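Pasting the structures here.
Presented sequentially are two complexes of chain A, the first with chain B as partner and the second with chain C.
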Partner chain A sequence: MSELTTIVENTLETRFPEVVVRDERKGYEGFIIQAEKLVEVVTKLRDDFGYDYLSSVTGVDYLPEGKMEVVYHLYKSTGGSALVLKAQTPREVASVPSLVPVYPGAELQEREAWDLYGIHFEGHPDLRRILMWEGFHGHPMRKDWQEAYYEEDSKPYKSRWPDGEVWRSEDKNTFHKNVDYPAGFDPETWVPDGDASLYAGLGRVVKPGNGGGLGTEQVVVNMGPQHPSTHGVFRMVVTLDGETITALKPVMGYLHRNHEKIGERNTFLQNMPFTDRLDYLSSMSNNFGYALAVEKLMGVKPPERAEYLRVIMAEFTRISNHIWAIGFLLNDLGAYFTPMLYAVEERELILDIFEAVSGSRMMCNYFRFGGVARDLPEGVYEKIRKLVYDRLPRKIDELDLYLTNNEILRSRGEGVGILTPDQAIAYSASGPLLRASGVPYDIRRADPYSIYERFDFDVAVRYHGDIYDRYMIRLDEVRQSLRILQQAVRDMPEGPIQEGKPQYQVRVPPGEAYGRVEGPKGELGYYVISNGKPNPWRYHVRAPSFVNLTPLEIMCVGNKVADSVAILGSIDIVLGETDR
Partner chain B sequence: MDGMGILRGLGVTLKRFWETYWDDIVWWLRRGRRYDSEEGINHRMSINTRGIFTIQYPEEKLPVPEEFRFIPFLLYEEGENGEKQDRCTSCGICAKVCPPQCIWIVRTNDPETGRPIPEPQEFYIDVDICMNCGFCAEYCPFDAIKMDHDYELAVYDRVHNNIYNKEKLSKPVSYYSSIRPTNYTREEQARAEAEAAKAARRAQRN
Partner chain C sequence: MGDPITLIGKWLENLLYSWGLMPGVVSLIMAVIGVVVIASAVLVLDILLVWVERKVVARFQDRLGPNRVGPFGIIQPIADVIKLLIKEDILPIGADKIVYNLAPIMALGTVLLLWAVLPLSSTVYGTNLNVGVLYIVALGAISTLGIIMAGWASNNKYALLGAFRTVAQMVSYEVPLVIALLVPVILARSMGLTDIVEAQSIWFVFIAPIPALIVLITSIAELGRAPFDLIEAESEIVAGFHIEYTGMKFGLFYAGELLHALTVGGIIATLFLGGWRGPGAETYPILGIFYFFIKALFLYWVIMWIKYSLPRIRIDHMLNFNWKFLTPLSLVILIVMAIVDKIVPKTSMLVYSLVMLFVNVVVGWLTLQLLRRNAKSARMRVAEPKPVARPEPSPTAATSQTSSSSS
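Let's look at the complex of A and B:
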C-alpha cells in the first residue's frame, strides 16, 4: 500500500492539485476525487499506472452529511492491493460521470447503484433499473427508504423481548397495503413500458435482399425467465438474424430480496447466515469473504488451526462448485443428467463433511469473526484425508476421461463464446472466466489473504477463452484445490479455533473495509462500513455471478442462439447471488 | 480418430453401470442386506462406496450427524415426580441474536413485587421464519435452547401450526442427550466444573 500511496501522492496529487485528496476520515483509505475530473484521473490511472481492472462500484448513502458517495476499487491485472477512489455528490441531485467509456465492466454495477441509490451516471449508455421492476417507487437502499414490513432501523427489534407479543408480518400488512406506488400510478391500468424500452435498444431491422439473397427480418426472442437453461429466473433478450445473435440484453432481479438492506438492519454477526444464501452452492466461501472484511475492521486474526479449517472448507467448496458447474454445463449442451449426476456424486460426500462440521449441508454458517464455529467432530478428519488423498483425485481423473475428449463437447465448445484477454479485463470478468481467457489472475496469489501464501499451487490458466477452455479450467482448478487440500490436511496444527471468547455482540470500530476472496465463481468482495454501532452502516456484496454477466453480450454476438445457453452455462452463475 | 472420445466415455458409463450392481450381487451372495438396513446405508455413505449410492428416502433415511441443526427446542429438567423445570431464564439473548428475529419471549414478573422471575411465561418461535442458523443454541449461556434433529415438519396448514409455543418447543434433557451425546457430556462436565469452582469459592469465603 505504501508504494501505491507514494505513486498517487507524488504524481496524481501534483498533477491534479485539489482534484485528488487523500481520504482523511478515521478508518478510511484511498482518495477522494472531484467528481467532474473522475474520468480524466482514472484514464490516467489505467493508461499510465496500470490500474486496468475495475473490480467494484459501490454506492454509499451518507444521510447525516447529505452526501452520496461512489466507491471504486481499482486493481492491476498483474496483482497487488487495491487503489480505492471515491467520488462524492450531493444527495438531492446525485450525479457522477459514468466510467463505462473507460471500464466497460462498470456497466451493470453503475446500473445497480442507480437503481438502488438513485445516483445518476452521466454518460452511461443504458441507465435503467436493473434489480427492481420498472414501476418501482423510490430507491430502496437509501437510508430514509423503508420497506413494506418495516419495523425498526436495526435489529434486535424491541418487540421480541421481554414482552414478545407474537404476530405475523402478513397480518399487519395485508396485501395491497404494503406496496408504495409512484404518484399517479394505477397498477390496474398500467402497461409496462420497461419491455418496450428494452426492445428499442435491440433494434428490429429488416434487411433488404441485396445481392440476390432473401430479405430477412430480425426477431426478438426472450430466453427465460422461466427456462431451464438459465439456471434460475434469468432472462436473456436476444435479437436474432436467422439463428445468429445480433444483440443480447441480460434481464435480472426476479430473485431480488434486497440482501444489502437486510444486511444493514442486521447486526454484524447476524449477517453471517445471510451470506450463505447468496451463492447457495458455495456458502463457505461466502462466509470467508464476509469474515475477512469484518476482521479487517476489528483488527483480529483467527488462530492457526482456524485458518487451516477455513482454507480446507473453502477449497472443498471450490471443488464441489466446479464439479457442479461442469455437470450443468453438460446439461446445457444436451447431455441430459448422466454427466451431471456422475459429477455431483462426489459433491455429496463433500456435503456430508460440511454437515458433520457445520450442521448443515448448504447453509453452513460456519465462520465467526476471529475463528470458526466448531472444531472437526470425531472421525471427520479421517474422512477428509481419505477423500483428498485417494477418492477425489481418482474421481476427477475419471471425469476427465469421461468428458474431456468427447467429440460433442469439443465441437460445441471450441471456438465458441470467445472472450479475449483484453476484453476480459476491461469487462471486469473474474474467476475461471478471466483465467480461461489467458489472464493468470487469482486473488489467492495476486493479493493473498488468510494463509494461502504458504501453499504450493499453480494458478490455472487457459488461453483460448472459449467454452471448452472454461470447462478445462475448472478441471485444472479442482486439481490445484486438491493440492492445497493435501498440504492443508497434512500441516494442520492442533490448537484453539476461536480468538478470544465467542461473542454475539462484536465491537467493530468505525471505518471501511473491503474483504475479497477468490470464490469459486470469481472475485467475491464485501464492502463494509461501520460507524461504531452494532449494525453496519453499509454492507455491499461484489457478486461475481453478477459482474461476470457484463461481458455476456460480447461473448454471444455472432454465435448461434443455441450457443448462448452453453455460454451462459460456462460463466457459471447462481441467481441467488446475481439478484441478491 | 473421431468417435474415440465418445467410446471412451461410454466405457466409463459401462464401468459405473457394472459397479452399481456389482455390490448388490456381492451383498446378496453374502446374505447381507444392502437396502433398508443400517449397515447398508452406512456402506453407501462411506468413502468406499461405488456406483450409484442413492438412499431411498422415505423408505430409508440418511442418519444425520450430531451437529445437524434444524429448528430450536427448549430443554427442561425432569424432576422426580415428573415436574418440569425450564432451563430457560428468559434472559433474551437468543431473541437478540436471532438473525430473522423469529423468537418472541414473554418474561414472567412476580405479581407482588413486579420484579422479573428467571423463567419464561411464554416462548414463541415462528418456524416459517426460522433459518436454522443455530445462533440461539450457540450463544445461550444456560444450554437451555438447542437445535433439533427432526426435519420432517410438513403440515397442511401453516397458519395454525407453525408458530410453536413453549409447550410445543419443550423437550426433556434426556431427549437432548440422546441426539447429541458428545455435546451433552461436554456441557455437563463444564457445568459440573463451574459448580465445583463456585462451591470451592463459597467454602473459602466461609
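Let's look at the complex of A and C:
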C-alpha cells in the first residue's frame, strides 16, 4: 500500500471517528463506513483526496452474520491502487444511500445490486430491476435463494454419480415442486406490466405546433432486442423527435444466466473456463483477471515464462478484439460487411495461435492459478514471430489506409457522441472509451499488474471524445499492443510454466481480493471472497461492457437515430459480458 | 442479316396479315408480344442479376460467393426463388391490406415500365416516346410512391421511419436529377431517348462529364443504394420499408431493387455513354443490344462497387449534400451549358464538344476551390493532454511517458 493511500486512510479515520473504521477481518482491506454517512464521506474523498473514479459497486451477502455489505472500489483517475469502502446493512431491510449523485457511474451497478441482492439504494433515480425480468420473485444472489432444481450449495454435487452413472436433477424433479411463486400469483394468467414504468421514465411529450400549425408527437422506438446492430440481444428504448433522439434507456438482461450465482456454486478452478463465456471474444483477458484475483488470495506468483505467455495471449486478445470492433463499427455505419470481413481475416490468424496453445479458438481456458495450462507447441513460436513482426503491422497499416480518411467515416464520426473527460470519469467509463475522451488511464500503467512494467509502450490517448476518436484509439492500441508483443516475444525466457504442481482443487485462504486487468473493452475486475472452502463465497465480475453503457444516454441524446447504433458500436460491448 | 429481331417481327406481322386479320388487331397483337418478350427477357435477366450481385460482392469482400448449386453457383438464384415462393406469407396486424399488397407490385412494375422507352438497339425498342426523359422522371416518382406505401401500410415504426426517409431523400434528389437530365436534352435537342442516342456521335459523357456524374450520384440516391441506403438502412432501422414483407413479396422488392440498378445503368448508358452505339452497331443492330448491355452492366458494376465500399451517409448530411451542393451545382452547370450552347455554333461537332468539355472542367475546378475554402474547420477538443496515470505520481514519471497522440 502506497504512502499516499496511508495518509488518506489516517485522515479518514481521524476526521470521521466512529463513522469510518478499518476493516479488521482477516484478509480484508479498506474501511467500513456507517451507511448513513456514506455520501458525506465519499463526497469528501472525491473532492479532497482525488478519488474521482468509482470502479465497482457490488453487494455481498453474509448470511451467517445476518447482514449485507455493499463494497465500493474507488480509484484516482491519476493512477494508484484502490480504496475499498464497505457499507453494512441488515439483511431484512437492506438499504444504503445511493451514490448516483456523487458518481453517476454507479447507476447501473446499483440497479444490479438491487436486482440481485435486494439492497435498496436510497435516492437512486431509477431503481428498477436490470438483469432479471420484472415479474421475478426474490433476489437470486442472496445466499438463501435457491434456484429451480436446486441441489446443493456447491459443486461437485454428490448426487451426480450415485451408481456410477450421471443423472440430472431436472429429470427427477418436476418443475412445479421447486418453484416459489408469490402469494396469489398464477403464471398462466399473469400479464406483465412490463414496460409501463420504463416508458413512463422516458417522458414523451407532445409539442404543439407553432402558431396553430401541425402538432408533432414524439415516437418511442425500440431498437432491439432483435436488431442487427445491437451486437446481441440488447435493447435501446429511444424517444424520437423526427430523427433526433430526445431520450434513451438501455434495457438488458435478455442473455442473463446468473453467472455470479453459478460462479459461487463452482469450485475456484471450475470458474476458469466459465470466465471464457463472459466476453466470448476475448476469453484470454477474462482468464487473466480471474487468475490475478485468486492468485492475490492464494499469494502465489506465476513463473517468468508463464508471465510472458500471459502477456502475449492478453495482447493478442486485445488486437483481435479491436480489429473486430473496428470492423463492426464500420458495419454499424452501414459499410455492409466489407471492412469487417477484411478485419476478421487477421483475427482468424490470431485464433489459430489460441487454438494451438489451448485447444480451442474462442473458449480458451488457458490460465491457471500460478501459471498457464500448456507451453507453446512446436512451431507456434515461429508463427507468433511472423505474425507480430510482419503480417499484423502490415495489415493494420492497410486497414488504416483504407478506412481512416474515408470522408463518410469522418463525417459520421467526428463530433458525434461526445463524452467529455469529466463525464467519462464520473460515469465510470473505462478502456478505449475513457482514453478516447482524453484521460490517459490505462491499468497496465496506472495500477500495474503482471509484468507490464517491463515493457516500453505508450498509453494511447485521443482528445475529442467522439466516435471517430474511439475508432482511432483502437488502431493506436493495436499498434501499442504490437510493440508489447514484439518485446515479449524477444525476451521470453525458457522455464517452467506453472508454479508448483498443477492441481484440480486449490486451497484458497479466507479473505477478499479484487483483480483487475485492462481488458480490450475496459477495466475487467473480479471481486472474489473466499471463506476457506473450495468454492468462492462471493464471485463478482465488474464487466466493462456493462458499466460502459452507463454514459450511453448522455452520448446519444441530441444525435440522430442513425448515430445511436454507431455510438453503441464505438463503445464496443459484448452481451455475454453485459448480461452475465 | 444483322437484324434478326426486326426480321422475325416482320415475318410474324406478315403471317398475321396472311391470316386475314385487320391491321388494328395485328398491331395490337404485335404490341402485346413485344411487351411480353421484353418484360420476360428483363425478368429472366433479373434472376441472373441476383447471382451476379452475390458473386461480385463476394469478390469485393474477399470471399467466394455462391458456388454449390450448379457450375459457379449459377443456379443459386433459382434455389433462392423456390425458397422465397414456399415461405410463409405474413400480413402484419393492423396493416392496410390493399396498400400493403400493392406496394411490391408497384416497386417492380415501375422498373419494368422503364424498359418501354429504353432503346436496346437502333431497331429494337419498346416505343420511341418523344418525351422519354420526362417519362423516366415520372416513373421514378411512382416507384417512390411504392416505397412510401410499403412503409406506411406495414404498421411498423421502422418501416415508417424508412418511409419518411424515403420522402425526404427521393423528393430532394429528384431535383438535381431532373436538372442534370436536361443537359443531354439540350445537347440532343430532343426528349426522346432514341433521338438522344442518335445525337451521340461523341458520347455525352465527354461533352458533359459533370451532369453525367450528378445523374449517377442522384440515381444511386433514387435507387436507395449505399451510401444512400437510408431507406432500408440495415444497421439502423433493420430493413426499413420492407421489414414486414416475407416470401415473394419481399422477393419482388429485392428483384425490383436489383433490376432498378441495372435499369439505371441502362438509362445512364443511353443518355451519356451512347446507348447501343459502338463499332458496327449501325449496320448490325443485333450488336447494339450487346453494346447496350455491356455498358449497362458496367455501370451496374460501378454502382455495386460504390455500394460495397462505402459506409452509409446520415440523413442530415444526405440532405445537406443535396440542397447545398448538388442542386446549386446542377443549376449552374445547366445555365452555363445552355448559354455556351447558344453561343458556340454547332457546325463543327469537335470544336463544340471541346468548348463544352472546357466549360465543364472550369466549373468543376471552381467547385473544388469553393469546397476547399469552405471545408470544415478542425474539431473542438474536449480534453487537454494530461500526464499518464501512474501509481506514484512523481514529476519524473509523469514526463518520462508521453502519451502517443496526434489529432
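Quick note on the criterion: the second predicted complex is superposed on the first by the 557 of 580 C-alpha atoms of A that agree within 3 Å, B and C clash if a C-alpha of one lies under 4 Å from a C-alpha of the other, contacts with A are read in each partner's own complex, and residues count from 1 in each chain.
Throughout what follows, contacts are C-beta pairs under 8 Å (C-beta built on N, C-alpha and C of every residue); 3 or more make two chains touch, one makes a residue touch a chain.
None of the values given here were measured: they were computed from a predicted structure.
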item	value
First (chain B), second (chain C), both or neither touched by A:V439	second
Touched partner set for A:N406, first chain B, second chain C, both or neither	both
First (chain B), second (chain C), both or neither touched by A:L387	first
Partner chain(s) touched by A:Q480 [first = chain B, second = chain C, both, neither]	second
First (chain B), second (chain C), both or neither touched by A:V219	second
Which superposed partner A:S360 touches (first chain B, second chain C, both, neither)	first
Contacts of A:T338 with chain B and chain C, given as first, second, both or neither	both
Chain B versus chain C as contact partner of A:V561, first or second or both or neither	second
Touching partner for A:P448 - first (chain B), second (chain C), both, neither	second
Set of chain A residues, in rising order, touched by both chain B and chain C	338, 341-342, 345, 406, 408
Complex contact set, residues of chain A against chain C	2, 4, 76-81, 219, 221-222, 227-229, 240, 243, 330-338, 341-342, 345, 406, 408-409, 411-412, 414-415, 418-421, 437-442, 445-448, 458-466, 476, 480, 560-563, 565
Residue ranges of chain A touching chain B (in the complex, touch as defined)	155-157, 159-166, 168, 266-267, 269-274, 338, 341-342, 345, 348-349, 352, 355-360, 363, 365, 373-374, 377-378, 383, 386-387, 390-391, 398, 401-408, 410, 502, 504-505
In the complex, chain C residues that touch chain A	60-63, 157-158, 161, 165, 226-227, 229-230, 233-238, 307-317, 379-393, 401-405, 407
In the complex with chain A, residue positions of chain B that touch it	2-6, 8-9, 12-13, 16, 45, 47, 52-53, 64-69, 90, 92-93, 95-99, 101, 103-107, 116, 122, 124, 126, 131-135, 138-139, 147, 163, 182
